[in-house]
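The following pair of complexes shares a single chain, subunit A, combined with subunit B in the former and subunit C in the latter.
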Partner chain A sequence: MAQAFFTGFFGLAAIWFGVVVFRTSSMVRSALALLFSQAAIGAMFLAMQTEFLGVLQIMMMATEMAIMAIFMVMYMMDPGGLGGMDMTHQKRLSIAAGIFGGAAAVAVSLLGGWGTVGPSTMPEAQVAALGEELLGRSMLVFETAGITILTAMIAATAVAIERRR
Partner chain B sequence: MATLLVALVAGAVLFGIGLYGALSQTNLVMIMMGVELMLGAAMVNLVAFWRFLHPAAYSGQMFVLIVMTVMALEMAVGFGVGTARFRSRGSVEMEEAEDLKG
Partner chain C sequence: MTVFLVLVMLFAGAYLVAVLEGWTSTGRLRFAGPFWAAVALLGRESIVPRKPDRVLYETAPVLLLVSAVLAAAVLPLGPHLVIADLATGALAVNAALAYVMVALVMAGWGPDGAYAMVAGWRFLGQLVAYSMLIVMPITAVAMRAGSLVTTTIVESQAGIWNALTQPLGFVLFFLAAMAVCFLPPFDLPTAPGELAGGIEAEYAGPRLAVVRLARMVLVVSLSLAVTVFFLGGWLGPFLPGWAWTSLKTLVVAATMLTAGRYVPRLRGEHVMEWGWKLGIPLALVNIFWVGITLVLRSM
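Up next, the complex of A and B:
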């Protein structure tokens, strides 16, 4: 029962901060709200006894959203949102798509037959088993993800760098 | 079972919010924020499915790591494109980016 409560509590926090991301006109507040939303998702992982991924999520998102806030300040004329500029378009379509997509996913969640819930595993056993999975059966996938990140870093730098004339 | 449903519903609502954001925003970084929320929702569902339905199959956690990788890639490539666009046009407003159409 406590697990359901904390998962729900952090889920509500993630949803609330997710809404705030698109409700505020300050870019910095948007980035911070997304950081809190993603951190709440990490806390949901912790509540669901997925310790390694929960900590990883909070650490990664803290860094990612800090970088995002810096880029927002760099790109925007008015990062504090003092001018109250509207930066949205096709609002009705977006609201309809969001409600329809969310409602369809909620319906599938509630109406799907999910079977029986399996037993929990201890956190230290989880980390050991995940390590064996990463360096055993899923090693190729793991290595491919690493190479893909490296490729994307080089490609992003090459795209962003100023061309010499 | 209650926790599984709570997590799935929270993930579904987050997905809807992310979808609204990705479709309604005109700024490149705000669009990326919508996509990040959708990927976050996918991760919540993956963790819930792994923890409550298949706790012995650790490939479920592998999927979450892959989604985290995709989030990092999206950020890197998105900011690379954003910086190139900002250099050439002085803005990352996507309403002014019709010249990117093929």
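Up next, the complex of A and C:
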């Protein structure tokens, strides 16, 4: 009961902060609202007894969203939102896509066969199992993804740097 | 009960760190100093800037305090004296410390002042420089313990402290911890004499009192982290566990506060350069070294 309450509470918090992202015209507020939306999802993971995922989500999102905020402030004309800039565009398409996506998610959650919910394993066992997965069967996948992202980052930086004689 | 005890010790630690900071900066040891400073701050008018981003401005000091307390919540003072003995304790410390940066960026942006904003973004840059040097030495510590549980990490140092088996990781973590609590020479976000207090510039009265308290608690939390991960936590002869932890934490805090007084403030680009070109390769060497010793010992 308590678990369902907290999962639902943080779920609603995540949705609310997601709404705030588009209700504000300040870039920094928007980025921080997105951060707290993602942190609420992390708290949902914690409520659902997946401790490692929850802590990792809460940790990673802080840095990612802050970096995003600095990029938005750098490149946007009106980062403080003082000029009454509108954060939305292509409204009809977005509304349609939002309704369709939301309906699909609800349909999947209602119609999908979820099976019986087994007892969760102890957090220590989860961490150990995750570690063995990452350094065993899935190692090549993760290493490939990591190297790809690193290459993209280096390439993007190299393109962005001013060429000096 | 444990929560109460740990919080009391945390705030007592913050008080002692405030006394120490006063001692290192003014040269006078005054035990009543923090009390008078607090009374003065609480009694003063809390002026709010003209056009603040109110939500961020009001949240930032509280978030800074909460993240510092949460970081300490997973660190043990004694074998059973820990608020939350999480299976992912060593990771949870990082998660809590990441929000120090979020709080400082909020405190920088919120008041709509140039000095504060420069200071907030500076700390974001500082985070990019130091964050790997927090995570990677902890990785090596967790490798030796074979666990992310902080109490297990302390128990793994029963034979010999991690500071002695992994001196490289110890030095890197110590410096990175100083950068997290923006102590000199890493005090770019407050930068006295240059940014007029930086992130503290636009806060006054009780709000400033919360910011100052949060920073003291942060220093205690990071000193506690150094103690738990590298200096054997509660392990030691004769005295009870909590006394050893407190003693070591205070010594670490005093060292942090004193060390920075003899070095000029580092520039942002230098912190970044040394963090990435020197710190990260050395942290990788440390992980490699610990791996080799573990493999050799298991043979």
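Throughout what follows, the second predicted complex is superposed on the first by the 161 of 165 C-alpha atoms of A that agree within 3 Å, B and C clash if a C-alpha of one lies under 4 Å from a C-alpha of the other, contacts with A are read in each partner's own complex, and residues count from 1 in each chain.
One rule holds in what follows: a residue touches a chain if its C-beta (ideal position, glycine included) is under 8 Å from a C-beta of that chain, and two chains touch if they have at least 3 such contacts.
Quick caveat: nothing in here was measured; it's all calculated off a predicted structure.
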**Request:** Label the relationship between subunit B and subunit C on subunit A in the superposed model as either fit or clash.
**Result:** fit
**Message:** With both complexes overlaid on chain A, does A:E124 touch subunit B (first), subunit C (second), both or neither?
**Reply:** second
**Message:** For A:L56 in the superposed arrangement: first (subunit B), second (subunit C), both or neither?
**Reply:** both
**Prompt:** Of the partners subunit B and subunit C, which touch A:L135 in the superposed model: first, second, both, neither?
**Reply:** neither
**Request:** Between subunit B and subunit C, pick out the one touching the greater number of residues of subunit A.
**Result:** B
**Request:** Once the structures are superposed on A, label A:L32 by its partner contacts, choosing first (subunit B), second (subunit C), both or neither.
**Result:** second
**Prompt:** If you stack the two complexes on chain A, which partner ends up touching A:H89: first (subunit B), second (subunit C), both, or neither?
**Reply:** first
**Asked** With the two structures laid over each other on chain A, which partner does A:A66 touch: subunit B (first), subunit C (second), both, or neither?
**Response** second
**Request:** Please work out how little space separates the C-alpha atoms of subunit B and subunit C at their nearest point after superposition, in whole Å.
**Result:** 14
**Request:** Please write out, lowest number first, the residues of subunit A touched by both subunit B and subunit C across the two complexes.
**Result:** 52, 56, 67, 126
**Footprint of subunit C on subunit A - complex, ascending** = 26, 28-29, 32, 35, 51-52, 55-56, 58-59, 62-63, 65-67, 69-70, 73, 80, 122-124, 126-127
**Request:** In the complex, go through subunit C and note every residue touching subunit A.
**Result:** 53, 55-56, 86-88, 91-92, 94-95, 98-99, 101-102, 105-106, 109, 112, 121, 124, 127-128, 131, 147-149
**Request:** Provide the residue numbers of subunit A that touch subunit B in the complex, in ascending order.
**Result:** 1, 3-4, 7-8, 11-12, 14-15, 18-19, 21-22, 27, 30-31, 34, 37-38, 41, 44-45, 47-50, 52-53, 56-57, 60, 64, 67-68, 71-72, 74-76, 87-91, 93-95, 97-99, 101-103, 105-106, 108-110, 114-115, 117-121, 126, 129-130, 132-134, 137-138, 141-142, 145, 148-149, 152-153, 155-160, 162
**Message:** Quick check on the complex: what are the subunit B residues that touch subunit A?
**Reply:** 1-21, 23-30, 32-34, 36-37, 40, 43-44, 47-48, 50-56, 58-59, 61-62, 64-66, 68-69, 71-73, 75-77, 79-84, 86-87, 91-93, 95
